[in-house]
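For reference, the structures are reproduced in the following blocks.
Shared between the two complexes below is chain A, which pairs with chain B and chain C, respectively.
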Partner chain A sequence: MVHEKDDETLRAGFSGEIKHRLGGETITLCYQCGTCAASCPVAKVTEKFNPRGVIKLALLGERQEVLSGSAIWLCSSCYNCQERCPQKVEIADVIYALRNIAIMSGHTPNIYSEFASGLMKEGRIVPISKFVEKKRTDYGLPPLKSAGVEAIKKILSTTGFDKIQWKKEGTP
Partner chain B sequence: MNETKVGVFLSDCGNQLSQILDFDALVNHVKQVPGVALVVKASEFWRGEGLKTIVDAIKGKKISRVVVAESLPKLSEIRVVKAAEEAGLNPYLVEVIDLKDHCAWPHRDTPSEATEKAKAMLLAAIERAKLLEPIEKLEFPITKSVLVIGGGIAGMQTAEDLADLGIKTYIVEKSPFLGGLATRAGRFFPTDDCAICIQSPASDVKTITHTSRKCVYRSGFTEIPNLNILTNSRVIAVEGATGNYKVTIEKKPRYVNESKCVGCDLCTTVCPVAVPDEYNAKLKKRKAIYMNVPNVHPPVYVIDENVCKFHDCAKCVEICPTKAVELDQKSERITLNVGSIVVATGFQECDPSIVKEYHYDEYPDVITNLELARMIDGFGPTSGEIIKPSNREPARRIVIIQCVGSRDRRWNPWCSSICCMISLKHAMLIKSAHPEADVTICYIDIRTTGREHEYYYERAREMGIKFVKGRPSEIVHDPETDMLIVDVEDEILRRLLELEADLVVLASAMVPAEGTKDLADMLGIELDQDGFFKEYNAKLRPTETKRRGIFLCGGATFPKDAPTTSLHAHSAAMKATKFLSAGKVVKDQKTAVINEEYCGDCEFCPVTCPYGAISLVPKGEEHFVAEVSDLLCEGCGICVGTCPVNAIELRHARPNQMSAQMKALVSVNGTGKPLILAMCCSECGHTAVDSSGMAMMQYPANVRVMKVPCTGILQVHVFLEAFKAGAQGVMVVGCKSDGCHYEVGSQKAQKKVELAKILLNEYGVEPERLMMHNMVFIEGADFAEAAKTMTERLEKLGSLQLTDVS
Partner chain C sequence: MTSYALFLGCTIPARQPHYEASARKALPQLGIELVDLDNMTCCAPPPLQSIDLETSLSIAAYNICLAEEADLNMITLCTGCFESLAMANTMLKQNEKLKARVNQILSSAGKEFKGNKEVKHYLQVLTQDVGLDRLKKSVTKDLSSLKVASFSGCHLLRPSALLKFDDPERPHVFDELIEALGAKSIWYRNKLKCCGGLLRGYADDVALAIAREKIVNTTKAGADCIVTLCPFCFLTLDLGQMLIKSAFHEEYNIPVLHYAELLGLALGIEPKELALDFHKIRLDKLLSEIR
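Then we have the complex of A and B:
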C-alpha cells in the first residue's frame, strides 16, 4: 500500500492545483484508457475537443495550453464520459474545475465575460431582447418579470463573484 | 523460595567496546546493585569459554537469572537461551541487551556519556531480570491428516504432494469433476500446450523412473495412496482449533455408483433430457446424465438432479450394464478430523453484464474469453470452429476487449493479471487456424510480465493481429447487417474508430470464487480488500494464514497463471507437511493472563485481539469474563493496551517489569541533556534502533531504549508514568501503521499517543514531549534524526516540572 503523501506533495504542479478545486479531485485517477473520448458526442464532430486529451495535457502540467485553449469550453456536459469512466474520474466536473481555473487566470472567452456582466447588471445571463418580448406577446405569454437584480447582486458580492477579473485577453 | 541471584555477563566484543565504554566503571556499578551475585567480563558469551562460564554458573546454582550484554544480541538470544535451558534454567529468565548497537557505537563521540547510559541499561536489565518469571512451553497434539478444499490445479497438486509424503489427504471439490477452471481453458500460454496434463500426477514419474510428463490418460490421480477424493461436496462447518479441526462435508448424491460405473456412455444415448451445457458455454447440449468431457476425474457419470425425471423415466437404470445408476442416493454428511486445511478454491470469470455498455446479456455474439476458449478447444462444443452463437455462421471478424470489469473502480479495481496473455493466445489460435480472419485486440495496457510472455506478444504482432490502444465505449448491434460495431478511440492515431465485428470477446475480470466469503468466515481467516483470501505475509509467508495450520494456494489468493499456481501449490504442501510432521504444536506461554477479579462484562479485548485468542466465558449467572487461548495468543499485548480496568497482563511484560525497567533507564543521566525514553516495539521499532547503531549514526546518549512486545501494549498511563519516573520526553517507535507485525498494534499506539497528548496538555505538560514514530529496519537514520530533534526540542522547552501529577 502506498503511504499517504503529505498535502504539500499532492498540491505540487498543475494536477495538484486541479485536485484541490471542487470537481477536480479525481483527475489523477485517469489512466488514459480513452473510454471518454470514444463516448464523447463532441469529439465525434470536431477534433478540437477530446476529453482524454484535455486530461492528459493537464496531467503533464501544460497549464498554459489547457487554460488558454478552446477545448475546455467545448464540453457539452452530457456526462456520458463520466458515466462510463472505469476509474470513476469525474471528467465533466474536472472540466468545470479547469474552466474555473481558466477564468481565475484571465482566460475567459468573450461570451462568458458577457454572461458575467449580464448577470451583474441585469441579473440574467441572457438579456431579454426585443425579439423575445415580441415572441412572448405573439404566443400569449406574460412578459418576463424582473430578475431581482439586487438580491442577485448580493449573492454575487457575498460569493466574491463580482470581484473576479473578467479579462478578455487570451480569449480563444 | 530461593533468593533471586542475577549473573551479569559483560562482553567487550573483542576489546572493541572497551575503547568507548569504561568497563571497570560498569563492573563496579553493577556489583553494587542488590541481587547481583556474579559479574563476569569477557570477549564474548555466545560461544566457547564465555558460554561455558554462564552454563557453569547456572549449574553451580550461583545464579538464577542471566543478564547478557552482548554485541551480537540475536545470536546470544538463541545460543545463551538454549544453553541456559540445557543447564537447567528456565529459558525465559535470560535477558539480553546490546551495548554495542544501542550504546557504544551510536555514542562513540561521547564516551563518558555512553558509559553512563550503559550503567542505566545494565541496571534496567537487572531490575527486569529480577522480576522475570519462568514461562512454560505447552504442547498441543496434531491430527496428522489434511483437507484440501478445491479440486482445481492448485488443490490437485498440493493434495498429491501431501499424499505422497504419507499424509492422509482429503480433497473436496464442489462440482462433480476435478480439474476446475483450468481444464476449460483448452490450452495454456505461452506454450499453447494442452491444459489437460496439469491433472496428471507426478507420482507416475517417480514410480516408472522417467522424468517425462504424463498425459492425464496415462495417469492415475484417483489411484494415489493416502488420497481420498470427495467430489460434488462442500464444506459446511468447521469446528476446533489449530491442529485439530472437525470439518463437516456435505456430499451431494451423484446417483451413479462410483465403484460400479465403467464410463461406457450407454446411459447418455437413452437419456431423453437435453439441456444447454454450461461447461461448454451453452454452445451445445448435454443430457441429464453426463460427463463434462470424456477425460475427467473421476471418469464416472453424474445425474443433474435439477432436470432428471428420475423414476418417471429411469431409462439409464435399465440400460446400465453394471447397474451403476442409483436413483435413490441421498446426500450425506461426512465428518473429517484433520490437523490442517489447505484452501485452494481458485477464482472465476466475472459475469461481464455489469458493464452495461457492452450488452453481454443482450447480444449473443458478445462472449467472454472463457467461452471463446471452449469454442477454440478441438474437444469443445464446436469442435474448434469459431462461430457466431446467434446463427452458428463462421465468425471471421473478431474484436477482443481487454479489462472488462477489471481495472474498473466501479466493480473490480485490480488487474486480473492473466487476461492479456489469454487474449493473445486466443487471437493467435484463431489466426493460425484462419489466416484470413481479422482479429483486433483493444487494450489499455498490454501486460506480458512473465517469462517468455513478451515473445508471445511479439509473435502476435508478427501474425498480423491488430492492436488498438483504447478502451471501447460501447458495442452497438446493427440489425440490418447483423454486425456488431465497437466504438473506440485509437489513442495513438487520436482517431475515433468504429470496428465491425462478427464476434466480440470480452476479457472479463477474474474474481474470487463463489462462496469465498462464507468459507473465510467458517475458517476464521481474512479476505483482502478485493475479496480474495489474504495470506499472512505476502513476501515471507505467502501460503500461510493468520490461523496456524490453515494454508492457501493458487488463485484463491489472486488470479494466477498455471505455472504460478503450481509453485504456490507445492509451496503450500511443503508448509502443511512441515506443520503436520512435527506431530504437535509447541507453544510457549508468553501469553496474556486475565485477572478475573477485575475482568467482566466488557468486550474490548476479544474484539481487539488480532488472533481471535480471547473469548468470553460465563461467570456466575449474569456475568462473563475473558479467557485467553494459550495456543492462539501471540503475546503482543494489544489486549493489555485496550483493557479499561487493567485486568490483563502479559507474563513476559508485566506492569511491574516494565515499570522497573523504565525507572532504571532514567535513573542515571550523566549527559547533561534531558532524558528521553524511547519505547520501541520488539519488531520494526527495535530494529530501526539496531540499524542506526550498526551504521554508527550518532545521536545523544540521553535517549534510552526500552523494548516492549508491541507498541499496542502501551496504555496512556504508561506514558504518564514515564514522565513521572523522570523522563523529559517519550518517543514511541513502532512498525508502520499498515505493516505492524501484530497487525493493529501501531495504529492502536498512535491513538493512545494522541489521547495522552490531550491529557498531558490538561496537566500543563507540552504535548510535543510525546511523539509517535513508525520506522522499519532500513530507517535507522530516521531514528537517529528523530532522537536528535527530540533532544533539541526538549532543551528548548526546558525542564519538566511535575508537581500535580500523582
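Then we have the complex of A and C:
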C-alpha cells in the first residue's frame, strides 16, 4: 500500500508541476466537458490530438505519456478552445506549459530546435536569403536594420534558454 | 502624419516583400508614417512560446522597450507579431509581479519595460487614426466587382481577453475595412476557423488538410480572392494550393492577397510597385477586374 500512496503523490505532482509554470495555472479547473474538442480544427482532421484528451492525461498524472507523445505538438495555437471554455481553462496556454516542460525534459521536435538556433544566431527565426535581399532593393525597400542579437543573447542566457539541451533522441 | 514604430518581424522581410512593399507604399498615403528602429528582433511567436514562455515574454517586452525609448506606439503587419507583442504588453501592464520578473530578466540587456505604449495592428490604425470615411475617400480604383473572402487568421482575434481587437465570434472590423475599399466581403463556411499554418514543419499532412478546407469553402462561396493579414495564413493558402494540387490532385487557383496589397491597389498604386510577382497563384484575372 505504501507503493500506491507514493504513486498517488507522484500523480498529484504532475498537475502541481503544470500549475506552477507560466501558462499552466488554470489546468485543474477542467471538468472534461469537451467544448474544447468540439471547437478544435485539428481534432476534426486527426485522431492524434484533442485538447480534452491531453488535459485528461495530464490531470491523471501520465507525465511520461504526455511529454514524450506527439499530441501536445499538434495544437495549432488557434485559441478557439480557450475562448469557449466554460471553466476559463487557458487551454492553449496550458499546452504551451506542457511543451515547455517537455523541452526541459529533452523531448524537442526537430523543427523547434531549428527555430531556437535561428534565434540564437541571428535574433530572427527566419533567415534572410540573398535572393530576397536583392528583390527588396529592386522594389525600393530600405535595407533591413540589424537585429539586436547581443541583447537577445543576454536575455537567453539569463533565462537559461541558451543552456537547453536540444536532444535528438526521444523526439516526439 | 501619425508616426508609429514599425515592427516588421521575421517572415515578412525574409519571405514576403510584397506585403512590406504594399504597406510601406499605402500607409503613408493615408497619413501614417512608419519609423524603422534599430535592434528589433523576433517577436517571440508561438514556436518560441512553445520552447519557453518566460523567455518569449521577455523578448516581446524587449522589443516594446525599443518603442518606449523612441516614444512611439508600435504598429505590426503580421498578426503573429501582433499577438505576441500585444499579448505581452497587456499581460505585463496587468500583472505587476510578472512585470517585475520580466524586468529582472531585461535588466541583463539594459532594458526596462515601463508599459506606457500601445501595440497596434495596422487594421486598428486604419480604423482609429485614418477612419473609414477618409479611407473610402482615398480609393481611386473600382473594386465593386470583387467578391472577397476575408480571412483574418486566429491571432488577430484570439485570445480576445488580451488582444481586445474585435468580437472573437462575430468580428466585423476587417470586413468593414474591405468594404470601405469598395469590394464585397462575403460569408463562407467556417470563416473564423484556423488555417493550420502553425503545424507546417511538424505535421504537414494535418496542416494541409485544414488548409484545404479553407480553400474548398472559399471557392464554394464563389469568392474571387481570399484576403489575409498573416504571412503564415498567406503561405498556407497561396503556396498551399500547389501542395493541395500534388497531394489531392485538385486545382483551385483562387488568388490570395494581403489586405495591404488590396489597399495599395485600391489607392491606385501600380501592381508592379507592390512586388506581386511573389505570389504563387497568378493575379492577372483579378487585376483585370480592378478598374
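What we mean here is this: the second predicted complex is superposed on the first by the 148 of 172 C-alpha atoms of A that agree within 3 Å, B and C clash if a C-alpha of one lies under 4 Å from a C-alpha of the other, contacts with A are read in each partner's own complex, and residues count from 1 in each chain.
One rule holds for everything that comes next: a contact is a pair of C-beta atoms (placed from the backbone, for glycine too) under 8 Å apart; a residue touches a chain by one contact, two chains touch by 3 or more.
Computed from a prediction, not measured in an experiment: that's the story for all the values here.
Steric overlap between chain B and chain C is absent once the structures are superposed on chain A; the two fit side by side.
Touch criterion met: A:Asn50 reaches chain B, while chain C stays clear of it. By the document's definition of touching, of the two partners only chain B reaches A:Tyr31; chain C does not.
In the superposed pair of complexes, A:Ser117 makes contact with neither chain B nor chain C. In the superposition on chain A, A:Pro86 makes contact with chain B only, while chain C stays out of contact range.
Put chain B and chain C next to each other and count what each touches on chain A; the higher total goes to C. Of the two partner chains, chain C is the only one touched by A:Ala147; chain B is not. Judged by the touch definition given at the top, the superposed model places A:Pro41 against chain C, while chain B stays out of reach. Working from the superposition on chain A, the chain A vertex angle toward chain B and chain C, CA centres, sits at 100° in steps of 10. Closest approach of chain B to chain C, taken over C-alpha atoms in the A-based superposition, is 8 Å. Counting contacts by the rule stated earlier, residues 44, 80 of chain A appear in both its interface with chain B and its interface with chain C. Across the complex, chain B is touched by residues 1, 3, 29, 31-39, 43-44, 47, 50, 52-53, 80, 84, 86-88 of chain A. The touching residues of chain C, when paired with chain A in their complex, are 8, 10-11, 13-15, 17, 20-21, 24, 36-42, 45-55, 57-59, 62, 66, 105-106, 108-111, 154-155, 158-160, 168-169, 193-194, 196-199, 201-203, 206-207, 209-210, 213, 273, 275, 278.
Every residue of chain B that touches chain A in the complex is listed here, in rising order: 357, 403, 407-410, 444-445, 469-474, 487-489, 491, 494, 496, 736, 738.
The part of chain A that touches chain C in the complex is made up of residues 21-23, 41-42, 44-46, 48, 70, 73-74, 76-80, 82-83, 90, 92-93, 96-97, 99-100, 103, 108-109, 111-112, 115-116, 118-119, 123-129, 132, 135-136, 139-142, 144-152, 154-159, 161, 164.
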